[in-house]
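Notes for the one structure printed next.
We just call them A, B, C and D in the order they show up, numbering each chain from 1.
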Amino acid sequence: MDATLDELMTVTAARALTGGTCFVGIGKPSLAANLARRLHAPDLVLIYESGPIGSKPTVIPMSIGDGELATSADFVVGVAEMFNYWLQPGRFQVAFLGAAQIDRFANINTTVVGPYQAPITRLPGAGGAPEIAASCGEVMVIVQQTRRAFVERVDFRTSVGFGDGPGHRERLGLRGRGPQRVITDLGVLQPDPATCELVMTALHPGVTREQATAATGWELRFADDLQTTPLPTALELTTLRGLPLG
Amino acid sequence: MAELVSLAEAVHRHVRDGDTVAIEGFTHLIPTAAGAALIRSGRTDLHLVKMTPDVVCDQLIGAGCARALTFGWGGNAGVGSLHRFRDAVENGWPRPLALDEHSHAGLVNRYVAGASGLPFAVMRGYVGTDLPAHNPTISKVTCPFTGEELTAVAALNPDVAFIHAQRADRAGNVQLWGIVGAQKEVVLAARRSIVTVEEVVDTLDRRPGDVILPSWVLSAVAVVPGGARPSYAAGYYERDNDGYRAWGETSKTRESFTAWLDGVRSS
Amino acid sequence: MAELVSLAEAVHRHVRDGDTVAIEGFTHLIPTAAGAALIRSGRTDLHLVKMTPDVVCDQLIGAGCARALTFGWGGNAGVGSLHRFRDAVENGWPRPLALDEHSHAGLVNRYVAGASGLPFAVMRGYVGTDLPAHNPTISKVTCPFTGEELTAVAALNPDVAFIHAQRADRAGNVQLWGIVGAQKEVVLAARRSIVTVEEVVDTLDRRPGDVILPSWVLSAVAVVPGGARPSYAAGYYERDNDGYRAWGETSKTRESFTAWLDGVRSS
Amino acid sequence: MDATLDELMTVTAARALTGGTCFVGIGKPSLAANLARRLHAPDLVLIYESGPIGSKPTVIPMSIGDGELATSADFVVGVAEMFNYWLQPGRFQVAFLGAAQIDRFANINTTVVGPYQAPITRLPGAGGAPEIAASCGEVMVIVQQTRRAFVERVDFRTSVGFGDGPGHRERLGLRGRGPQRVITDLGVLQPDPATCELVMTALHPGVTREQATAATGWELRFADDLQTTPLPTALELTTLRGLPLG
């Protein structure tokens, strides 16, 4: 069975979810989390920003507030309680974020391309991202790897990855460990433990270093033990393709 | 005590030009019909507030009713951009739109402070981001016990809040359930509040996870079946995903939007 | 994840001498059986915390288990004094009791801050009263937007929280309903938490107004039917008003209390 | 029908409740509020500190948390929400307080008799009172009038009445109007609008000025138009006596 790139990205993300609590977004994150729950992480607790805690949707939602997220949840909380009692104290172990721009230190922009007061492109904005990036145990980013998205410096820092580099999260008092995996259509980047710089730790089958370098707006480094992303298994693919979409 | 009136009458009585108007419903129970009623009322210079502006604010912005927007995430969930919002911010069409931009956590805490009769709320948030530099309603406060520096956000007390709920009783008490968002907070923070409901019933039989808003904290209740479409009302109708996609098309150009707006204004 | 164990085992595993131990239940679902288990365990030098100390703290104080008490209102509701509490404060018997005294609003906000991962909470409270002069966990904070001075209370993060709930499922998820007090806040503020329940069921059918505490925020669940007596458990048994009156008599003298205590220790 | 003094106090309190929202305590306040609801104020919204809002109990509770307060309520909130969203912003128009000591300016002590660190009598403490006294529209105090209770200066200021006198509530930023009625076994005291001092505005039938003066620890003043408390009507008494007690 041949996996599409989208499927490969989703399965790669799903494999990184081994249990505990997961703060889910819409799209691939929701697919990945629900795939993990059906395969290797049946006890994974899914939390959606709109309030549902312990959702077990049968249909993958189109919005983070779809009805079944609530009806299938262990319980539903209001937005204030979600952020203040649950997210802020660090009760969520993994969270997903998207990005319009991401930089070398995994800082994320979802606000504007261009100057804030005179944007070239006005993006949707922050949503839950700044506090997710600050407080969740770790963050997984899913994003297409292009020169437009992978920039030397984000135009606007909507969510903090590693800020200006080593020690910056700690100086800011951010409690979570920050982005630990950036899953792209070319491979996986992870922060170098010493420099906090995102380095390519895996390439998808058939992707070359040159392709990755060309798609990155900073001088991309590759891990010494650069891996090839394992292809989805037949079970993973069948299960993923069997997930009903809302 | 809330009066049961028509939506047009509720808008007429409780909304003034220039008001700060919060519209809540976090991915559920979005009071879209109330937005159309605002457009028809001709009220203008509004400062809109919504964590997720959604279709309802896109329509009001495109119609030129808004001078400012306080928000958290301005996209068309699952579809793409809010084109009227973007056109106003990027091109000032039909008029410039001042932005008061927050995270969801920050904006909901502004409602919490407003609902609690406090001038600000404390949180961990925005730290290290570029948001505070562009927003005077985000500041710092020092813990008097530990010396730790935390984020403060200013209370938000809208002039008027609009929400949509599943039902009300004849005394104007309101019940909603499912994803309950920040509806309680926005109503308690607002000076006046207007609730559209799917129906009026004799008795509000309680439901697990429901929220009751007593009549004595509300200004008006209006029966508007389907008033949350293309959003949904748990127990009444599903999210109209095609409706959101259709809005993506309708709103894409000024021309197609204006045709839509003419239809609303003449209806 | 919460383990289902006996109450004695839960106390043995999760409570240490000197711990700050919060016991909640605001006039309902008061975990009185847990207090007796603490006495039997021999744990001592505890810093007890309860908005309304009630019979459970009176017993622990009389038994000499507590070095300190954080509280809001220390009476026997509808009966009169908590005699063991008074004897400890007025006469130091059986040992002196340090007081950390709050209003209910202040203490619940200390839990709210603790549950929210913040070092303090902002409120309007205590202003003009003599309470702040005697309590270093009450201070002031200035609003960075308006300059207004408000009250700050320090976060409270107990080492252990005890609550009683109607029921749990086999995975250790807990459900309570009726008057839900500050149970959610105290559990989320505490490092460890122990829940006694009336019964374990296969499925937690949701109820209007219920609170669910997921197993993954709890340390232990113990089945103790009647564990809230003489308080009550909505849906299971009523408040034992005679039991509260009887405690007024039992606790009145050191002699009658000691006889009661001997009985608990030997049971 | 002859009313007892307790009944007279309860009925006097009930008559002062004309509608709106009422934050109720146990004992006479609960009797008075439930009596008012059955007679002249059927829409009176009863709120109990334990969480019930809009309680309609058939049995008068012994504790503020009795089960029927919740089951008969429009809804029930947690203690945090009760104080933060409902009481603090001033949504309750009338509230009742008791007092172990009350002074000339209606400040209340329910904490200690004697020095705080070495009390002669340790009282229950503050409970909800400080914030009730600060934030409710007005406060009604029900207390026995004795020299022990009516003191020149309270040993401990648990709840603020008018503080040190005129303008003090405003300087402290307290939003409610403070104690507007103190109902005793001898009559009713109300604050002088100019001086904020509690003055006797009514005496119960048969009570003399001398009795009231003798029971008061400060130089008690009497209103120019001193009233005699109207006796309970037969309907009031019958209804009060018919209230089932828990």
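Basically, a contact is a pair of C-beta atoms (placed from the backbone, for glycine too) under 8 Å apart; a residue touches a chain by one contact, two chains touch by 3 or more.
The structure displayed is predicted, hence computed values, not measured ones.
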item: Minimum number of chain-to-chain touching steps separating chain A from chain C; value: 1
item: Smallest number of contact steps required from chain A to reach chain D; value: 2
item: For chain A paired with chain B, centre-to-centre distance based on mean C-alpha positions, whole Å; value: 28
item: Length of the line joining the C-alpha centres of chain B and chain D, rounded to whole Å; value: 40
item: Residues of chain D engaged with two or more neighbouring chains; value: 75, 84, 88, 135, 175
item: In chain C, residues with contacts to at least two other chains; value: 117-118, 123-124, 148, 184-185, 206, 209, 211
item: Pairwise touch network: line, ring, star, complete, or other; value: other
item: Chains that touch, pairwise; value: A-B, A-C, B-C, B-D, C-D
item: Touch list for chain A against partner chain C, complex; value: 20-21, 45, 53-54, 74-75, 84-85, 88-91, 135, 175
item: Interface residues, chain C side, partner chain B - complex; value: 117-124, 137, 139-146, 148, 150, 152, 154-155, 206-210
item: Residues of chain B touching chain A in the complex; value: 26-28, 51-52, 71-75, 77-78, 81-82, 85-86, 89-90, 101-106, 108-109, 111-112, 123-131, 134, 148-149, 178-182, 184-185, 209, 211, 232, 234, 238-239, 241
item: Touching residues on chain D, where the partner in the complex is chain C; value: 26, 49-52, 62-67, 69-71, 75-76, 78-80, 83-84, 87-88, 111, 116, 119-122, 124-131, 134-135, 156-160, 163, 168-169, 172-175, 246
item: List of chain B residues in touch with chain D within their complex; value: 115-118, 173, 184-185, 188, 206, 212, 214, 216-217
